[in-house]
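See the structures that follow.
Both of the next two complexes hold chain A, though its partner changes from chain B to chain C.
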Partner chain A sequence: MKQVSKNTERSAREGLLLILPLAAGCGLFYAVPFLMVLQNSFQRGTGRSREYVGIETYRSMLRSGVFRLAFGNTLKFLVVALPLIILLSYAIALLLKNHARKHEALKSVLLLPYIMPVVGTVLLVELLFAQTGLVNKGLYTLGLPVADWLHSKAAFWVVIALYLWKNTGYSVILLLSGLITIPEDHYAAASLDGATAWQQLRYITMPQMWYSVFFAAVFSLINAFKCFREIFLIGGTHPDQSIYMLQHFINNAFDKLNYPKLAVASVLLLLVLTVLFALSYRWVRRKEAYKDA
Partner chain B sequence: MRKRPAYFSSFAAVLLTALSVIPFLYVFAKSLLSAQNGFTLSYYYQVFLAQEQYLLRFRKSLGLCLCITAGQVVVSTLAGYGFAKCRFPGKNVLFFLLMVLMIMPLQVTLVPNYIMLDRLGLLDTYYALVLPMIFVPLGTFIMTQSFQAVPNEIIEAARLDGCGTLKLICRIAVPMNRAGLICTLLLSFLDGWNMVEQPMVYLEDFGRYPISVALASVPPENPTVQLVCCILVALPPLFLFAYFNRELVEGIALGGEKWKNKPYVSEASSCTF
Partner chain C sequence: MRRAFCFFLLTMVLFSMHGCGTGHGAEPTHTLWVVTEASCSDGMNLQAKIIAERMEKENPGLTVELDILPTDPQEREIILKQLRTKIMSGNGPDVFLLPTGNALTTDYTNEHLHRLTRNTEIEPLFLDVNQAMRSGQFLDLTTFYDGDPAVDTAALKREIMDAGTVGNRRYVLPLRFNIPVICTDPKLWDNYGISREKLTSGGPELVWTLLEWAGSAPICAGVQLPADLTLLSDAFDYEQEQLLLSPKTLADYMCLYQRWRSAAIPGEQMLLQAALTETMSYVEDPMWKSILEEPSRDLFRTIRSYNTLSNYVCEDIHWSTKGFPLFSCSMADSLESLAVAKTYESIYGEKRELFYFPWRDSGGAVTANVTYWGAVGSGTIEPELSYGFLRQFLDEEFQWDTYRPKQNDSGKRPQAEVQCAGQVENSWPVRASGSAAALWETLRYQNRKIAFSGRKESHQIGAAARALSFRDSDIPALSWDIDEVRFPVTISGADSLEYALSQLNEPDGTPTDADIDALAQQVYQGLWWHLAEG
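Let's turn to the complex of A and B:
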């Protein structure tokens, strides 16, 4: 008995030591300064003239049109892009599942867009969608009306397409790894009982995929935020209204060194993301609870 | 499930391959064309041989990325092993916090980072780019997932033979986890290589800008030169990818592996080796 408790103690000490570098780094660069940001968000002015203003900045930010535009656009992007990428990659994963071995190489190929450097993607978008770009040339040759893709409402959809092109491969791999862990005999048994393909998808595949879908969604979310740097580079500091994201807002506030504004934007985004993540995490854990029994 | 006809999925496979590869080829083809649409290598000559500025920036960026990658790999290997194989109070909470931090976009962390770097007097130095990137939590997440697949029996056996923890990590856990490690390495390299916001915010001196953002924010006079530079920038990731694509796919897949309620208790029973 004594041996066991000694081992546990040792394991605990070692565990803490091992995560110490990470914890120290995260504390130094993320946790501690974040508390300062939080403090900043309730203040106004800098240095000596700093004063406590409570939630005044929050109030004025929530009323500010530019902030609402940026926040709204960011949410709109996520609400459109995330379901699209999950559906698309789910479909591709299902399609590839039965021929997984044959399509082994395809998984790597699908990741190719993911590793294309930011400059490359930005150039590509410009080559394709600029006013004299390939798409407009093609439309012109076909006698169809051309459009200014990057400086109109269409920019939003160009950006969505870019996001899908770049990141679908990543979530296909996540979903595929979930699909192949579902035991084959579940399907065999269902087939014997005369279940249709749709029923099998609905009652065998989907209930066992929540974790995979959850993680695919989480990584797609991370990748979506990374995609904003391409959006930023394509549109510059003041792009078309439809793609004016929080990214632009924060960057422009940085240029004006408006700390309280920046702080409030960060805090609000953090709050929204944490709450959403915690809720969906809890939900998916419940859904999957039967597996731990 | 009823097998779909193979030609349908083959057709889809061809289509997907085309969609993924053709843009690369298009950019490459464009980089070989002069303004008059004739084939030319003179721009390649200009970027790779005649002018030093591009290669110089390229080398500097490469150095930066190597520092980030090395730091990230060490930090996340240690922490990943800690999370996957040790038991300590508050672990679940810490791991949850780690995941929350993981989904935080740069838009949230940029300001805190800036404040701290300012306090430490590191703004406008290369440290500002490297240090915060080392502690990005994604690597730890991937390493934790992949270390969980190492059977406890093996670890116990090594312990009985008197193997210390560090040695155990280096000699047993990491070699059994090539895919996780290489995936961490690749993803953190990509992340560093594609830095855009950090240099623009933390650095004043344009001379220090890494090649990725320098190219994107101030394009060279000639668009084709920019395309050639883009090929140059794409080379390291492509090279790594060509070499390690199998490990990358495997490592990413681990991120979606079923994360058991208390993996550190039950993994021994669920492991097949």
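Let's turn to the complex of A and C:
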């Protein structure tokens, strides 16, 4: 019994040693900078002019129209884009499930927009949605009214379309890898019992896919923030108000040397994302609890 | 293998520790990192170099590193990003010595060895000095400044110096400033039958009045409506983070600008061409003819060339002698107008009285702009030395441009070594008391082109100009009550007023069908972004 306990202790120690480099890296490159940002959000000035101002910057930021616009647009983008990408990629993954193992090339095709250089993506958007772009030319030919897609409220939906086009393939791959781990005999047994396709999806596929969906959502969230590069190249530092994101605010505050505003924006964004992440993770854990039982 | 590795490590440790010992006994060394912009070679860069050399002599072990920001846009963008990162991390420069606005005037020598100037558009390091003061980018200099016996605060223009403070704290030392001035010749002005009250009304109002005389080219060409916010009342309330201008105010200004350009540009071209033709008719020297025809020269190319002493002396080109009833200029340029009037009087014995008044903003306020300033960076590790460096720019010798090269009366000095035209940074020093006489002492040597002049009386007129002297009481702007002092704000790209105004007219002044309301809304939006993000 003592020997078993010693072995467990030793293995725990070895485990800790193994994760130490990673933990140190995370601490040094993520935790420490974040703590510095947090500290800065309660201060004003830099270097010798630094002084503690408490939550003054938070107060002024919450009153600021531009910050609210940027924060609101970012949340709106996430609220619209994340469910859409998950639904779309889930549907595509289900359609491809039976062929996933047969066509390895399919995965490469799906990932093509994801690995496309940003400049290429932006050129494509310009080609389609500029005032003299293909979309407007098509509309004009059909006798329909044309629009300024990139400098009006429509820009938001162009960006959503761009995001979906670029990142859906990546989410499909993630979800496909979850789908093919579900044993085929579950479906065979259900078919024998007379379960319909919808019932199989609801009672077999969905309960076993929560973790995959969760990770697809997390990666889609990360990709949503990466989408800023394209938005920036399309609209510059001050695009149409409908696509003015939090990254624009942070980027422009940097150019104007306002570190406290930049820090507060980052902290508030992280706070909201952490809460969202924690709630969804908790929900997924609850859904997947039957596996532990 | 392990032993060899241990030996290697030990050797490396010993080598690295070796460096720790070498400093013992050596003199402590400091570097003062001064960030500045390129200027004319006899301008602020010259002053900074002299002060840097002096400080290095006075403080053994001190190196003053003058870091002149590049003007090439691509190189500049990278440098500014690096600099901003350093400032934010608290490791920024010790001293900032910078002009306001987004235009730099620098000089170069052409193939005829003539000193010429050019303007370059740049992105400033600090887009808004007021915001930078409020967000704590500079060191609080109150204790240094208030306790410094070497600063003669009574001689400095108080309203201008106070612009460098927020609350009770002083962050910035304004070094030079400007007030927009309108100069008039009452004799000519009376012919138009417009009262003095109308003349001294707010800036845009005055131009609306002038446009009633749009048929008369000189009246519109002489007043240059600025393509920035100078003539509009203050745009920003930094405390409340509120925009004080409305889109309608901007649209009204744009309408005015469009109307004014339509009238002024054809008039300006007509006047400049007439002046060129007249001068060419009596110039015999082929080299001088080719110089006059050079497109890069200011003379006969911009209306500002109608307000320089040297152009008057050499070519009889000056607004007051060419029938302009009024002329807008900077406070610094007003000294040249005065010099021309006095020279004319002394040569021709005819009294020429000019009348000066401030070009008020739309709210009727007399507004001054800080044009050059200095501050100690919050990242400095040498606050006292940094302040000591900066403070010297307020001394008489630097405020009054004592070290600008002066041409001797024989005119033998090589052209490349003479002064650039006009005042340093085209503005007035904040050490206003006693400044008129001192600045004139430098300016009077700028009649350098006499050797090439086609005008027969040039030498006689030049000598008369150099014999003049001025006192502060001769410069009316020095006694005006200043209502407001601003640090000009730079908003770049399509959101700027400058860009919007450029969309309103063709280069020849013909109005375009640009939608003024949409452009005004865009500019308003740009101001809103600026205030909220900074």
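To be clear about the criterion, the second predicted complex is superposed on the first by the 254 of 293 C-alpha atoms of A that agree within 3 Å, B and C clash if a C-alpha of one lies under 4 Å from a C-alpha of the other, contacts with A are read in each partner's own complex, and residues count from 1 in each chain.
The definition used in the following text is that a contact is a pair of C-beta atoms (placed from the backbone, for glycine too) under 8 Å apart; a residue touches a chain by one contact, two chains touch by 3 or more.
Bear in mind that the values here come from a model prediction, so they are computed numbers and not experimental data.
Contacts of A:F254 after superposition on the shared chain: both chain B and chain C are touched.
In the superposed model, A:F34 makes contact with chain B only, not with chain C. Of the two partner chains placed around the shared chain by superposition, chain B is the only one that A:A216 touches, whereas chain C remains out of contact. Touch criterion not met for A:F71: it reaches neither chain B nor chain C.
Contact with neither chain B nor chain C is seen for A:F129 once the two complexes are overlaid on the shared chain. Of the two partner chains placed by the overlay, only chain B lies in contact with A:P113; chain C stays clear of it. When chain A is checked against chain B and against chain C, the one touching more of its residues turns out to be B. Chain A residues 254, 259 lie at the interface with chain B in one structure and with chain C in the other. For chain C in complex with chain A, the touching residues are 84, 87-92, 126-128, 131-132, 135-140, 241, 377-380, 383, 493, 495, 525-526, 528-530, 532-534. Those residues of chain B that touch chain A in the shared complex are 1-4, 6, 8-10, 12-13, 16-17, 19-21, 23-24, 26-27, 30, 74-76, 78-79, 81-83, 85-89, 91, 94, 96, 98-116, 119, 131-132, 134-135, 137-138, 140, 165, 190, 193-194, 196-197, 200-201, 212-213, 215-217, 226-227, 229-230, 233-234, 237-238, 241, 245-246, 248-249, 252-262, 266. The touching residues of chain A, when paired with chain B in their complex, are 8, 11-19, 21-23, 25-26, 28-30, 32-34, 36-37, 40, 92, 95-96, 98-99, 103, 106-113, 115-120, 122-124, 127, 165, 169-170, 173-178, 181, 187, 191, 197, 200-201, 211-212, 215-216, 218-219, 221-222, 225-226, 228-229, 232-233, 246-247, 250-251, 254, 259, 262-263, 265-266, 269-270, 273-274, 277-278, 281, 285, 288-289, 291-292. Of all residues in chain A, only 44-51, 60, 63-67, 236-238, 249, 252-261 touch chain C in the complex they form.
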